[in-house]
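A single structure is presented below for examination.
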């Protein structure tokens, strides 16, 4: 009987904790609270966890230097668990319970998409870092997407294929996800301008482990190059399997395939001729940037700091996380909001974000306006290839 | 556009996938056959096998000892799952037991993530086995290892269940628990053994497929789902059914990925599966007696 | 001491539940007055999950049909509401009803095929159907918005205007949930409820006996499948209008399994179990979100997952029949064991 | 009475007619060319050793099995291809040997479940508790209580079936069948497992039911008890009918004596 009563009490206690937790309201303190929703578990944790690392580094750096106008920056982090329902719930919790001035999310397109109505409903600025331009026109008054869309950066690899390699026929090998959908849409849109025709389109599931059927179809088409567009391990497997099948076409890939763990595992295949080129950020290539490159110093500083703190060079996802916080910090600095007057402060922060002008970060230079929440981006993507275990810079936006 | 080498390539891909799914399904079969529990943590053993082998291997251990250690640890985890979770709840309903294994799977996934991080890991093909070119199609160096392992597992299980005292005892527990007990077979011991066996099988499979598919903390659940579908479509009561189911699923996936309009292959592969389910409601091989 | 006859009458007329129901309704209607805005937000989710779980409990707990595919019908409701209201501008309320009827019709077709299959196989087919559904949503990009999601779904209107989303959604969801609870309670304490229980192979039913007593087992199994689908579809429509943007991941196997967990944890012997299960799982999630950062700090996702799995295991070990079994144990001995 | 007249007479009185019915499963012939007639208002006993096909025969009548040959006529309708629930709605129900009470329902709910066949409220009307369904439920509960009292278990209405003794469970099973209002009741070994006192009570109850116009067809092994109350006895062996007649006629039948006195093997697989 005692055991049963114990169980009952336990259950009641758990429910009560949950209840209390949900009832607590925002508490006004003298810090700038910024919410972060990251995929820490689930299929997109490979995007969320590294981004989180970068975010924390920047936030710590700001606070060590006395915060923003003397006010410390406080990151409040929740897991989106790879679910849009959880993503939305986490955002609402950040807004209603934690009283954040703004929140940021770096994860899959579908999930970040579900934040747009939350930010607009609850009138809190939301920064979403989905890598696709498909949702640019749906951001509303309160959402911002300060990151390049596909049509900003794919001219770089397509230009390389057309101009440097003389490719005119391209096959797309695309992930079945919001990211892949963006890729498919914009490849079709941009390629003709570069003088390239898309002659074959194949899709794969994010968890696919055998892409030989798709690669066979590409092999049997008259494509001269493959654009592998994916965010997880399947994209890297595609590179490996294509080379194992003896497909000697040019391969271009999205940045995820340049993640160190894939490059390390599949170095042999990444380095097979004809060379594979991969989109990447200036950050990881700063040593090879021209000395007059305006971003070189910034990248070097961050890289050295990163190695000091975490013991490894930052990847592109680390950089994306870092620059979200830099973007928010820039806005906070200009808005000078009073964190105790939440509603007014959020409005000010939003206005500040809208007036972001020429903000130069790792992945681009951003200029936003009240009518344009993704802004005119000057992208800073670079093309790299792999040689003797090293990444080699191939091309930058000039 | 379509030539024979392409068809051959789809076929090879189907066999490859089919073997993976069948091998996972076999782990489900062993536990289900003996204890009647649908073990949704089977994929986690596959994950553990892969991740542990990678961990030992990258630490400098040779491949075989790495794999052995991984299998031993996975087997211990399997024993733990039975002793700490399934055994205390053995009188609960089947659905409660299923969700107990699911809870265990979540926790295992979380532990793997906190220990090894999110990165996907790979291994080189075993002993650097080379790719084989066959009439214009490619067989990856690791594929023969995968197929061979699955075959060995099947043969091993048949021999084990058919010809060893232990195996016969397991079979008896499955068919007639009460009768088994009266002739002195400890159903408890056998159930424990089935979990250990399934965990070891899973771990071996996990290590063998890693060079082909990579492994990460979260690969378990998707693999469990594939293995479950394979086992159910073929008939989870018989090893032959599981193998056939795995092959059917693998083939359906590979062929629809190769021949169907891209973008619809997921729908078509699973659509084929559902049609098979509906047309052979007791599994591809009709199991005698119970369903 | 009431006579047996009075007790049966009370049970049948729903009098037995009436007090509890009234109390439940009153408490729920006053929640927004005492809980903070986030409490209301969480409760909207609890309500939506409860509706789907209730349908699953009728299906699984009463008729003994396992389903790992409730996400299909939740998704059907959501996508039908989302697509039709954004494209045709019809009234969301009307579309909600149309979607529910359509989901029920789909369920009847699917149910007819499923009814010949046995327990685990049904689980397998429903699982496969759920995977197919999500793939299909991604494939039919022009219609559904694909994996990127379907945005700009209008809010539920009230008369001429669209009221504050959260609070209004709260009341809509919970009024629907309570109405469906009443419907479910009526159902289970009636001719149809007994017929469903009589075919439940998971818990004490017998198909042979049911048939010789005149129960058309195929018809009942198909119809209860449709009822479960309609519940899920209604919840799906409400969800679509509430979130305003839907993506296929929300209707995947993950969702179906979550709902099944809620049903198991809550207890499948009564529709009330749905509220207990959904309430507990959502509360545990929220509690972990609240507590874990203080315990481990930094990125807590992995530890939350470990804790969630452990709590699931612990609850099922101590309460294998779910939370409703506590209630059962508190009942006078004569009723049930 | 002429031969022809007798036949017409049986047809009119027959509630159930089995014509040359056979069934085989797994290659085993369980019932082979069995024919007999059941007159309205009689108590018929089917006896025979294990494996004689008695239980199979009941399943054929209720439609749970389909015969591979022959015809079954129930109240002038051919029913051997009709679904079991439709046969039930023609006024036939069965109590299984193992009773099969629904353990997920209380005793009274079990009996109420028996009323299913003569009620008709749908999902919608029961869920919404429309007046029609409310009246029906009242009717059901009254009937169930009456039947429960008839078998003497009125006070245990809310017990769980598993808490009852075997004898009590049998009575609940009978009450549930009676609640269905069937005029042809099939009982599979109703005396099995009962103590002496209960056996007498059951016989009395069956005779009372007969008095109310219910036809009873039972399968039994306890031959002496059933011979006391049965109007007609059918003897099966290895799936074939070897005798059919009144108790007195059967007791004089040589084949029956041979079967029961040990010349024929008594064992076999009970299907």
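Just so it is clear, A, B, C and D label the chains in written order, and each chain counts residues from 1 on its own.
Please note the rule applied: a residue touches a chain if its C-beta (ideal position, glycine included) is under 8 Å from a C-beta of that chain, and two chains touch if they have at least 3 such contacts.
No experiment lies behind these values; they were computed from the predicted model shown.
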Connectivity without subunit C (remaining chains kept where they are): A, B | D
{"item": "Subunit C reached from subunit A - shortest hop count over touching chains", "value": "1"}
{"item": "Core chain by centroid distance, with centroids computed from Cα atoms only", "value": "C"}
{"item": "Which of A-B and B-C has more C-beta pairs touching across its chains", "value": "B-C"}
{"item": "Mean-CA-position distance for subunit D and subunit A (Å)", "value": "72"}
{"item": "Between subunit D and subunit B, distance of the C-alpha-averaged centres to the nearest whole Å", "value": "49"}
{"item": "Separation of mean Cα positions, subunit B and subunit A [Å, integer]", "value": "34"}
{"item": "Rounded Å distance between subunit B and subunit C, as computed from the means of their C-alpha atoms", "value": "32"}
{"item": "Subunit C residues counted as touching two or more neighbouring chains", "value": "135, 138, 203, 301-302, 304-305, 311"}
{"item": "Per-residue overlap in subunit A, given as positions that touch at least 2 other chains", "value": "41, 45, 49, 176"}
{"item": "Residue numbers of subunit B (touch at least two other chains)", "value": "109-110, 113, 263, 266"}
{"item": "Touch-based graph of the chains, sorted into line, ring, star, complete or other", "value": "other"}
{"item": "Which chain pairs touch, all of them", "value": "A-B, A-C, B-C, C-D"}
{"item": "Touching residues on subunit C, where the partner in the complex is subunit A", "value": "34-39, 41-43, 45, 135, 138, 141, 146-149, 151-152, 165-166, 243-250, 254-255, 279-280, 282-287, 289-291, 293, 298-302, 304-305, 311, 318-319, 323, 326, 329"}
{"item": "Footprint of subunit D on subunit C - complex, ascending", "value": "4-5, 7-9, 12-14, 183-184, 186-187, 190-195, 197-198, 200, 203-206, 208-217, 223-224, 227, 269, 334-337"}
{"item": "Subunit B partner contacts - residues on subunit A that touch it in the complex", "value": "41-43, 45-46, 49-50, 176, 201-205, 207, 209-210, 212-214, 216-217, 220-221, 232-233, 236-237, 241, 244-246, 259, 261-262, 265-266"}
{"item": "Subunit C partner contacts - residues on subunit D that touch it in the complex", "value": "62-64, 83-85, 88-89, 92-94, 96, 100, 102-106, 108-109, 112-119, 121-123, 126-129, 133-134, 136-138, 140-141, 144-145, 154-155, 157-160, 162-163, 176-177, 180"}
{"item": "Residues of subunit A defined as touching subunit C within the complex", "value": "4, 7-8, 11, 14-15, 17-19, 21-25, 38-41, 45, 49, 52, 56, 76-79, 81-86, 88-90, 92-93, 96-97, 109-111, 113-114, 116-117, 121, 132, 134-135, 138, 176-178, 180-182"}
